[in-house]
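Take a look at these structures.
Common to both upcoming complexes is chain A, partnered first by chain B, then by chain C.
What follows is the complex of A and B.
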């Protein structure tokens, strides 16, 4: 879990260099431009969802990646922030409050919750912390069904964002206006979280994660450091909750429970916990999987589960970690060497996955479709699952793909080593 | 009085069932230092395997074969999954088991569908074993109690009286030394993981028919099992038994006796607000003990972790 993104040069000069600012400028540009590329309403809804997940995942990574605290109850802070924001929407004074400041209420609510819970849960990291977060998460999720006044019971509570004071003439009636509001908050909170990780307290969080005992000897209270990260993470989770409230205008028990907490762990780990931008990649990939894949197949969560387990087993540094593995090759200017071996390995691997997925889909259809309904459509081809032909095709795809992948994988590893080690001659 | 006795038996059934799950979990934890999030998933697998076997060969073959199958699957997971992830550290291990729990649930949905499967208790155990005044005690509950007690006894015997048990106990505290003495510690680990998951499988086989066999059954019980071993003290078998029984009785009695918050509050001397529905505290006033029965264990766990992090009988910090 090394932090590769730190830039010693910029730190020495103490100023903001273009190299440091570049990703943020590109990010801001993307946030501004994307709605012109993907104009449909559903695409904007997906991007809203994505942005909220990014903030939530970044806030979760403040705990898991930067502070070494595995939480199973992070949805609590997002949910509580969201619930408070819906209540604010239903107040009479909401009419004199511009909508864009609403997430701050959520942030403060998340922070207050984190202050209370963090006061006893951050005493230890590791398993104790994980267990307390699980217990507290279950408690609050269960309370949300009992305490109807605040949580609205089973059906949750809902509000209307358009009752707020118009902000610069916008009333946030359409999705696109909401998109820019969320985009603004996404940029601000991502930047703030990045800057937090660069402050001394953010650096100490890394130290406490890696070796709490040493940090204590340096004179830092590891509990205090963890507490600080925890409260900050709670604040940003609350912001994400506030944005959720604005975007969906309804919050239910689902926003607080273990399933949501678990899926944010999945998102963050999939993206990579070691690098700051890891959770961003995770959130984008996961939201795309969730929305696009779920349209295509009923058993998308099976694939996501398999992907997650494979990530933990083979790439514990996540997608961002895999990307960062190639940084040396780019620095040495030898990334061209990788292209051919990658094509040779990844194309058969993709075919193998298609083959396996095909068999899984046919099996699922054969087992769970209505009696007599044997026709199914897969990869834009309609066929009958009782006939033997599709089975053979997919099995051949899977086996041949697997065989070629195994054959070419050693070459890829060799090429990768060659590309990431400096040349003897050039020295 | 009779009602108390009936509830004691009901609580005992729940408690022993919880114990069977937490025994394996706590053994695995004390050996490998990893909390197996997927433990309840093996319990679910036990129930489903037994259902599938019982449709062909009957309940008793299911009871015999399903736990073995689950144990084999568990040992395989340890050998090919956990051992690989172990090198990355404890947090990735915990995350791996979490992912495994998700994957197993999805696989179960894939194979057996989203709905409950008709897994039934055998005919011979239908009906009442005996009656306490007017309450019937089902024979199946008595069977569950006996089976759990036999397993607990067997486990205790193996761990304390046999050579294998001695090696396991030694490997718990000093794995390096045991390895230096010529024992195959990775094999011992795999064995313990297999036996632990097989125990969860047994629990699934006997709980499946009464608690219903559906894809969410692991999720329902999963976190409660953690709560049990955390309260009992991680790595302590006696603690797990104690905590399981406490939780079993606590939830059963809270559900059986309708203690109302209203009575407590007026007993202390608070005035009941009128009209109640208009008051901000109306939820507190209408609170009853069956409502909160299911969250009592979590409350207990948080309190234990805050004030006594070793749990009731644990020796080391979690």
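What follows is the complex of A and C.
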């Protein structure tokens, strides 16, 4: 029972071991290879979006997960960085600036904003910090329609990345060139943010998150520790903003507002705030849902919302937390024990979800389609929403799926306990 | 020689309630000093005033001759004063090892550095492991601190308190809520780790107080009614009347 240590591998002092470097090598390899697997332009656009969201979410988690600061205005730092980068694209000197350097301008802009706002907002964590971040977020979003020179009013401002100085002969005309530029920054930013969490100030950010008062009695000013994390997070958010500017060549009020700030909270929480790679999973899943699912259904945000609520209620440590729960089973070599129970529970659960989604979709179509247009396609089957048969099929799927899931769930829990407990204890 | 800790005419009121009513106290270098008194006498408040958690209404606290007025807790800590809390105050989600390592960071000069890797600093790892050895928690090294037993958490709290190498250690009821054997374990631990340091401690357990302290102050209703060697205090009729008699009776 007591064997729930998170980091049983003793962190011996000394050099970089293969074990530590491995995730980074795999990550770099994936960044390099993925465009060969998913070659279409739309896939590359999705991956670009994903990479930007990953950096943004990791930066957000420096506040939420590492520093215990719940921010409702993190889009401000990404947006401001992005806006500055678009302005830089429109300067004459841009012609003598290689494009890959541009995100640094965004980073500095995000950092300067964080310096100013953090100087008063990091005094306290908790509700005070959250409220200030909300207020500042609203303030800046409101400014975007007032200060038209910088924010460009409602239509935003746009630029052209290809005016930059060619870099090693590349002018970044095609998506794939932009992909590798973003991939480079993704790798560098993620690595730097990871290393930050291993420094004295990064460790103290965790300490201040857990117990600010105790940290004070260890010689650290909680406020200064929070301020440092805040500024660093602002910098990386600005980098993400710069990459957004490069990828889309336009920034609008949408990049600063509460919706963007709220969705990055959702992304980060979905992935899991407790572990470093959590936000990466969150960003990947969320971007896939946002892009792929939105092609399939108009009410995709309903499903994302449901997923978020389910995550908060049942897996507060996020998707990464769910993965980490299985680490002991793999370590004990008993993960095979889980396969059959998982199939027995997850297949009916999936059927149940399909059933519920089907009913919701038919209902939505029945209410919102043009008059007389009763035909709809769902799960590659075309049918008429006025007929009773589809309703019955989906209802039966939902009910039977739910019933079997209820039946088999206890077995799964039991199997999971058995698989994660060392043998001598379970006997 | 300047006393390690000197308190002059210290007052503290919360609204109309006067909790600390003029305390004068001088604690010498390497002295083990216990503050005892009935519930509500203001012992914890006095601790909080000394360590900067609360601001005093009037009066002066000095550490090695330096006035502590207006300093934040972290600044007082940097001057060489460290404290534990009556209610266990650790970093529950971090491992035991990390708890101690965090307590070492400032003292080892890492301050707010973002260019060192903590895991690559041999002095941090070895320093933290040495403290764990001292407080007997080596076997618990990689567990989250929140899952330790109560006595272990108290031991960890003491470890965190002493790790920074402060020379004035303040412990607020280190044995509160412990069984006899646990108390013996903690008392041995305190004796061991405060060797050569100034110890100020609030304690209810008379056995602990008389076994550990060089001098005792008795605090009653915000005033110190007696200070002296254990036997002197024990013999003091005012103390017996106000506190000890009742407490000793209760023990029988």
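FYI, the second predicted complex is superposed on the first by the 413 of 427 C-alpha atoms of A that agree within 3 Å, B and C clash if a C-alpha of one lies under 4 Å from a C-alpha of the other, contacts with A are read in each partner's own complex, and residues count from 1 in each chain.
Just so we're on the same page, a residue touches a chain if its C-beta (ideal position, glycine included) is under 8 Å from a C-beta of that chain, and two chains touch if they have at least 3 such contacts.
Keep in mind it's a predicted model, so treat the numbers as computed, not measured.
K.L.:
With both complexes overlaid on chain A, does A:25 touch chain B (first), chain C (second), both or neither?
P.N.:
neither
K.L.:
Between chain B (first) and chain C (second), which does A:203 come into contact with in this model arrangement: first, second, both, or neither?
P.N.:
In the superposed model, A:203 contacts chain C only, not chain B.
K.L.:
Is A:188 touching anything from chain B or chain C once the two structures are fitted on A? First, second, both or neither.
P.N.:
A:188 contacts neither chain B nor chain C.
K.L.:
Answer with first, second, both or neither: which of chain B and chain C does A:266 touch in the superposed model?
P.N.:
first
K.L.:
By the touch definition at the top of the document, which applies to A:213: first (chain B), second (chain C), both, or neither?
P.N.:
After superposition on chain A, A:213 lies in contact with chain C alone.
K.L.:
Which partner does A:413 reach: the first (chain B), the second (chain C), both, or neither?
P.N.:
neither
K.L.:
Looking at the overlay, does A:306 come into contact with chain B only (first), chain C only (second), both, or neither?
P.N.:
The answer is first: A:306 touches chain B but not chain C.
K.L.:
After lining up the shared chain so the two structures overlap, which partner does A:224 touch, if you call chain B first and chain C second: first, second, both or neither?
P.N.:
The answer is second: A:224 touches chain C but not chain B.
K.L.:
Identify the overlap between the chain B-contacting and the chain C-contacting residues of chain A.
P.N.:
After superposing on chain A, no chain A residue contacts both chain B and chain C.
K.L.:
Which positions of chain C touch chain A when the two form their complex?
P.N.:
51, 53, 72-74, 77-78, 82-83, 85, 89-95, 98, 101-103, 105-107, 110-122, 125-126, 142-144, 147, 160, 164
K.L.:
Going by the contact rule at the top, pick out the chain A residues touching chain B in the complex.
P.N.:
Going through chain A, the ones touching chain B are 64, 68, 70, 120, 124, 126-128, 130-132, 134-136, 138-139, 142-143, 146-149, 258, 262, 265-266, 269, 299, 301-302, 305-306, 308-309, 312-313, 316, 360, 364, 367-368.
K.L.:
So in the complex, which bits of chain A are touching chain C?
P.N.:
2, 4-8, 10-15, 195-196, 198-204, 206-207, 210-211, 213-222, 224-225, 228, 232
K.L.:
Taking the complex as given, what residues does chain B use to touch chain A?
P.N.:
35, 81, 84-85, 88, 90-92, 94-96, 98-100, 102-103, 105-107, 109-111, 113, 219, 223, 226-227, 230, 234, 280, 282-283, 287, 291-292, 294-295, 298-299, 301-302, 305-306, 309, 317-318
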